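A, B and C label the chains in the order they appear, each numbered from 1.
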Amino acid sequence: MPDHMPDHMPDRTRIRGRAVLEGLCRLGAVLALAAALWRLGREQAAGREQQAAPLVVSAALTDSMLAAELIRARTAAPSDTVSLRIAQLPSPTQRAMLGTLAMSGAVLSWQDASASRGLAAQVLRAAGPGEPLHVRAAVPRGTATLRDAGGLLDSLVVNRDSLVAWQLRAASAPLRLETARATMSLPMPPRSAPRMLRVMGEPGWEFKFTVAALEEAGWRVDGAVRVSPTARVTLGTAAPLDTSRHAVVIITDSTEVDAASLRRFVQDGGGLVLLGDALRIPALAALRPARASERHGGVAGGLETDQPLTGLERWELTPLAGAQVLQEASGDAAAGHAHAEPLLVARRVGTGRVVASAYRELWRWRMEGPDNGLEAHRRWWQDVLATAGAPAPAAVHAAAARSVFAGDAAPYADLVGRIGAPADTVTVPTSPSGQTAAQVTRSTSARTPWSAWLGVLAIVLLCVEWGSRRLRGLR
Amino acid sequence: MTTALANATRAALRDTQRALTQQRRGRVLLLTAAAMLGAVLLLRLLLALPLLARTLPRPGAGDGSSTVVMLAVAALSVLVAVAVLRARRAEWAEPPLSRVALWIEEQLEGTPTHALVTWTELAGDASASLAPNDLLNQAASGIVARAADAGTLPRALSRRRWTLWRGPLLFVAGATVVLFTGELWLRGAGARTIRTVTGFDGRTPPAPASPTGGLGRLRIRVEAPRYAGIPDSVFEDVSSLRALSGSRVVVEGEGLGPDATLAIVGTDSTRRAAPSELSAEPVTADGWRLRLVAQDVPLALTMRRGEASRLLIVEGVRDSLPRVSLEAPARDSVFREPRGVLALEARATDDWGVASASFELVVSSGEGERFTVRTVHIGVRQLAPTARRANWRGTLDLAALGLGPGDVVHLRAVARDAHPLATREYGTSETRAFRIARPAEYDSVAVEPAPPPAVDSSLLSQRMLLMLTERLDARQKRMARAEVLRESLRLARDQQKLRLAVGDVVFQRLSGESSAEHAHYAGDGHDHGVDQQGGKLAMSTNSSTGMLEEGNDSPIVAINKPLLEAYNAMWDAGRALEQGDPHAAIPAMRRALEAIERSRAATRLYLRGRPPQVIVDLAKVRLTGKDTGQTRPRSSRLAIPTVSAQRDARLVAVAAQLAQDTSAAGNGARMARDTVLLLRAEALADDPAFAAALGRLLDAMGAGGDVTNALVAARRVLGNVRRTELTPWSNGGPP
Amino acid sequence: MTPHDHHNVAHGGIHPPGAQAPFVFATAQYESGDWDSAPLVPANVIDSVARYTALPVRPQGVIVPLSSTAIMQYPLLYLTGHLPVRFTEREAETLRRYLARGGLLFVDDHNHDVDGAFNKTAREEIRRVAGPLVPLPNTHELYRCFFVFENGPPTTSHEMNGWGDNLVHEHLDAVLHEGRIRVLFSNKDYSSEWSFHPDNKRFLSVDNTKFGVNLVVYALTR
C-alpha cells in the first residue's frame, strides 16, 4: 500500500504533457549516449588507423631504427610495397637510406604528413647599437603568435595570407612562431662586430645635433668637419672608409667630398644617407637618387603640432631613374600641391643603397619640436639608417671536416628526388633552407572532447526525466 | 466499552499518527535538502568540468566572479528547495486516523482483521455519532494492546522511519562529503599571502600574517618623522613598503639574528651598499631587531639566516618643497617717485605642512659698475606645522625703503616647510620687479616693462570703434543712406588713424628705434622681413628668395605677429567702412580687437636705452686673424643607456624560475619574487608604468594561480616589441 | 656704421650663398634685471668668429625673450647683467626644456662680484632650473677645442680693477650632463672685457676675445 496517495487528481492533459516531456528527455539521453559512443568509436578507429599505419618517419625514429625496420620489411616481404608515412623530414642519412632502397628496385610509397601550411620566417639582426632583431614571416590567414623563452611576445590576426614583421629590442631564445596549424622555431642569429657611422658635413647645428642624436642612440661615429683652413674637429679615429668598419655614411650639408671613395664604398655594400642640402653636391650627381630643385618653407607653427615634420623646410625632390620613393607627404600637407611630395627616396647602387631625405635642418625638430621630439628624432635616424644600411652580416662559420650530404640545402626537394613524389600529392612550399634549418612540426589541433560533453548531456537529461517522474508520483 | 479504553485507544492512535506525520515531514525536509545539495553538486561539477577536461585556462582563484557564481548557485538551490516543497506538499499533511489504524494492524502478525479500522471510522473522533458496539471496542483495544505490548509498534515506527529517511539521508551525507573534499581538492594547498602595502599613511590594515621564507614572523614598525604628524604604523609580513623619507623603520623577528645587508637600489640595476644606514641591536630573548632610515632612493634590505632569506624593499617618498604663488601685486611696475604702499598677498601649498612664510625683497641700487644690494624680509610668520595650505599678507611701504631714482626692488614670497634640515631649500614664487625711473628716462619711449607700448590715448581705441560701428549698424535701417555713408566715413578715418599707429609700432620694433627719428614703413626699401601686399602686411616666407642674411639691416626683434594680424584686420575694416558697409566691418574689427589683446598678452618687450647697432663687415674681416686654431678631437657623447633589454631578460629569468618551481612556497618562487621586487624598486624612478605592472605581477604571484597574463603584460609595458611594415626596402626597420 | 647702410653679406666665397644656415649669436632677455648691459659683446664675438674661422655667421646678433619658445632656434644663448636675476615660471620652464634638448647657456656676471646680487641670484635660479653648478676642470675640452688655453679660462683685465670682488677666478662653473656643458657660468666678467667696438681690435696686441671663439666652436661642434 503506498505510503501516501495523492490528495488530488491532476488533469489528464498535464499528465500527458509531462509524459511527453519525459519521453523526449529519455530519447534525448539515449541519442546523446549513442552519439558519444559513436565519437568514441571514431576516435578509436582513427587511433587504430594510425597504429595500423605503415612505418612512420618521425623525430623519434633514429637512423639505426629506420635501417632495422627497412631491413625487416624487405626480408619479410620482398615484393611488397614499402609504405611510409613521413611525419618529419628525414635526416640526411635517412634520406640516403631511402634513396638507396628506391634505387635497389623496391617500390616505395609514402604519405606526406610533414608539410607545414605555408609558414616561412626569417630573423635578421639590424645593424646598429643593441642589434635589434627583425623577424619577418609569411603567415596564412588566422592568428600568428610570436613567443620566446619568457612567454608570449605578440599575437595578431591577419585576414588573408600576408607578410608580418616585428622588431624586437630584446628576446630570449628559443623564438617560436605559431599559427593555428604549425609551429616554427626560429634561430637567433649571433651578434656580430658593430660597425661605425661616418658623418660628413659643415660645422653647424645640423651636424652637431645629428651626431648627438646618433651617439645618444648608441652608434659610434667618426668623421671630421673643417672649422677653419687650418683647423678641423675630428670625431673618432680617422680610419679610411671601408665596409668592414663603417656601416653607413651620412652627409648633412653641401660640403666637399671624395666622390670616388664614396662610390666605391656604396658599391661594396655600404649605405649612404644624403640630407636635403647634400643633394646639391655636384660631385655626387651620379650617386644621388633624386634631384633637389627648390626649397619649400615649413608650415608656420608646424613644429609644435603633433606632426612636427610639417614645420621643417623641405627640398622638392625629383626622383631619378632607378630610384624609388619610400615615403611621401600626403597631398594636402604639401601646401597647395596636388600631387604628393616625396620625402624619402632610395636607390640601389651596386650592392649598397643611397637614401635621400628631403628635409633641411632636422635639428629644429629636436630643439623646437614637441617634448617627444628628442626621442622621435633619434628614432627617425634609426629607421633611416636601418633602410640605408645592410643588416649585420651573419658570422661565417668554418665547419670542421664534416660530411655534407648533397641536398642539405633543400631537404624536401632532395627527398622527392630520391624516392619520388608522395602518394597523396600535396604541393607544399619548401622549408626555409640554410645551414641553420628550422624544424617544422605539426601540432595536433585542439580537439574538443565531444564525447565527454555528450555524456554529461545524457546524464542531465536522465536526471530531469527521473525528477519529473518522481515529482509526479511515479517510480 | 468504557470511555477510558476508548480514550486510550484514541490516544494511542493519535500518538501513532503524530509519529507518522513526523516521519513524513522529516522525509520531505530531507528530500528538500537532498535536492538542494544535489543541485549544488551538479552545478559545481559542471563548473569544474573545464578544469578536468583541461580545455580552458584555469580560472584564477582570485576571480571576482567566484562570489557571483556562489550567489547564483545559492539562488538556484533555494529555487529547487521551493519547488520540491511545493511538489511534496501533499506529503506534508497528517495521515487520516483510519490509515493510521490500518497501518497499525498491518504491523501485527497474521492477517489483519480491520477491527481497529472500523472502530476508528466509527469512533475515532471524540465527537462520533455512532457508538461502536462492545465487541468492536474490545477488538480494537485488543489490537492496540497487542501492538504496544510486544514493542512491535515502536519497532515498526523506527523501521519505517529508517526506511523513509534512509535514501535522502544517505544522499545528503554523501553529497556533503563529496562537496567538501571537492572544494579542498580544487583549491589546492592554501596560498600564502604576501601583500605589497601601497599606502603609507598607516590607514591600510596590515596584511594577514603567514610565515614565509623560514625566518619566521616579522614585525615591521614605521615611525615617521615627528614634523609630518603621521602616527606610527605596524605591518606584519610585507615585502615592500612606502614611507616618508627620513622615517625610521624597525624590523623585529624571533630567534637568532640574521645577517642583514642594506643596499641602495639604482635604476641601472646597480646596487650600492649602504651599511652605515643599518644598525642591528644585540639579540635578546625577545628576538632580534634591525633599524634603518628611509631615504629618497629605494633601499633593499636582505636578511639571511642559514638557507632562509627575506627581502624587504623600503621606498622612500621625498618631501617636496612648498609651491608658492604671489597673488598681489600682479604685475611689475615703474614708479616715478618712491612713494606708495603696496598690498602684498601670497599663498602656499605643501604636501606635509608649511612652517613659515614671508616676503623677500632685494633692493639694488647703483649704475655702471657699482651696484649695492640689500635683502629685507617682511611679514615673516610662523604657521602651525601641519597646515597644508597657507595664506599670508603684508604691506610694502616704498618710502620706508629709502629708494632713489634708478633703484630696483625685486619682491617674491617665500615659504619653508617643516623639514628639520637647516640647509633645506625653500619654495619661492615668481618675482615682481619695481623700478624707480630715472629723470632722464622719462622722455624715452616705452620705459615700462609690462604691456607693449600703448598707442596714443587720444586715438579712439579699437573697442570704442567696434561699439560705435555696431551702433551704426543697428541704426542704419532707419537712417538715410547719405547719413549712413557720412558716419561710416568718419569711422573709417578713425580706424585708419589707429591702423597707422599700430603700423608705427610694428616698424618701430623692427628697427629698434622710435619713430621720431626715422620713420620706417612698409615700402621704404629696407628688408624688414615683412612684405606689403595690397595694403596688408605679411611675413616673408622662408623661400630661397627671402633669406634674411641678404641685405638685411635691421634685427628682427620678436616680430609681433598678432600686431600684424591686427593691422590687416583693421585694413579690412577700414575698407568696408569706406564703402559705407558697417555690417561687413564688424567681424574684421572683432578680429583686430582679439589680435590686439593677444599681442598684449604675448610680448613684454621693452626697449630701454636704445642699444647701439653695430654690424660687422664680414667680408672685410674674414680670416684676417693672426692666430689660427688647431685640429682637435671631439669627445663622443655617451649613449643613453637602454635598460629595457636587460629588464626584459630578467623577467624572462623570472618566468623560467616560476615554471620550474610551481609551488608557491618553494625556493624558486621566492627567488622569483625577490627578483621582481628588486626590479620594481629599480624601475620606480624612471619607468613608473613598468613599476606599476610589476606591482600587479607581485599581487598575482601572491594570490597564487597563473601569473602568465601579468607577466606578459609587464613585458609588454617595456615596449620591446614593435610591429613594423614590410617593404622591399626594409632591412630591419621601416623607412 | 649706421644701421641704414646696406651691406652685401657674402660669405667670403667659401660656401655658396644660402647654402647653410649661419650661426646667429643670441642674447637672452629676461624680465627681472638689466639684460642689455653689454650690447657690444655680440658684435665683438661675431667679429672674432669671422676673423679666425670659416664658420658662416650672421653679422648681427638677435635678442630673444627668455620666456618665448623662440630661444629654441638659437642653441647658444648669452645672458648677463648687474641686477638680481629671477626667472618667472615661464622663463624657467622654457629654459629647462631648452637645456634638456641640447641648448647651451652662457651666463656672465657683469659685476664680477661673488657677493653681488647677480651672482647669488643667478646661481640660485640656475640650480633650480638645471641643477648644481660644479667647477669646470681646466683640462676640459672647451679650453682646447679651437685655441688652446693651457691655464683654463683667460684672465680679464676687469677682474682686478677694484670693483667687484677683486678675485681672480681660476675656474669657470658649469652644469654638466654626461661631460657636455649645458650651462657655463663665468664670474670673470667677459662682458666688460669684450664690450668694445670690434674695429678697435687692431689696437690690441693680444686679442682677448679668442675664448669667445672657443665657446662658439664648442657649441657648434660638440
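Just so it is clear, a contact is a pair of C-beta atoms (placed from the backbone, for glycine too) under 8 Å apart; a residue touches a chain by one contact, two chains touch by 3 or more.
All values reported here derive from a predicted model rather than from experimental measurement.
Put simply, the chain nearest the middle, going by average C-alpha positions, is B. Between A-C and A-B, more contacting C-beta pairs join the chains of A-B.
Inter-chain spacing, taken between the CA centroids of subunit B and subunit C, is 45 Å. Centre-to-centre separation between subunit A and subunit C, using Cα means, comes to 53 Å. The distance from the centre of subunit A to the centre of subunit B, with each centre set as the mean of the Cα atoms, comes to 38 Å. Touching of two or more other chains is recorded for residues 212, 227-229, 231, 233 of subunit A.
Annotation for subunit B: residues touching 2 or more other chains are 544, 623, 628-630, 632, 634, 637-638.
In subunit C, the positions touching at least two other chains are 52-54, 145-146, 217, 221-222.
Interface residues of subunit A facing subunit B in the complex, by the touch rule stated above, are 1, 3-4, 6-8, 124-130, 132, 134, 136, 146, 148-154, 156, 163-172, 211-212, 215-221, 227-236, 294-298, 300, 313, 324, 326-327, 344, 346, 353, 355, 382-384, 386-387, 389-391, 446, 448-449, 452, 456, 460, 463, 471.
Across the interface of their complex, subunit B is touched by residues 1-12, 17-18, 22, 29, 31-33, 36, 39-40, 43, 46-48, 50-54, 57-65, 67-68, 70, 82-84, 86, 88-89, 111, 116-117, 121, 141, 144-148, 163-164, 178-180, 192, 197-198, 207, 210, 213, 217, 221-222 of subunit C.
Interface of subunit A with subunit C (complex): residues 202-209, 212, 225-229, 231, 233, 253-254, 277, 280, 304, 361, 363-364, 366-368, 371, 373-374.
Those residues of subunit B that touch subunit C in the shared complex are 332, 362, 364, 366, 369-371, 373, 408, 410, 412, 430-431, 433, 449, 511-513, 518, 526, 544, 547, 549-558, 603-605, 608-609, 611-619, 621-630, 632, 634-635, 637-638. Those residues of subunit B lying in contact with subunit A across their complex are 24, 42, 46, 49, 53, 55, 84, 87, 90-91, 93, 95, 102, 106, 164, 539, 541-544, 623, 628-634, 636-640, 642, 644-646, 648-649, 651-652, 655-656, 708, 711-712, 715, 718-727, 729-735.
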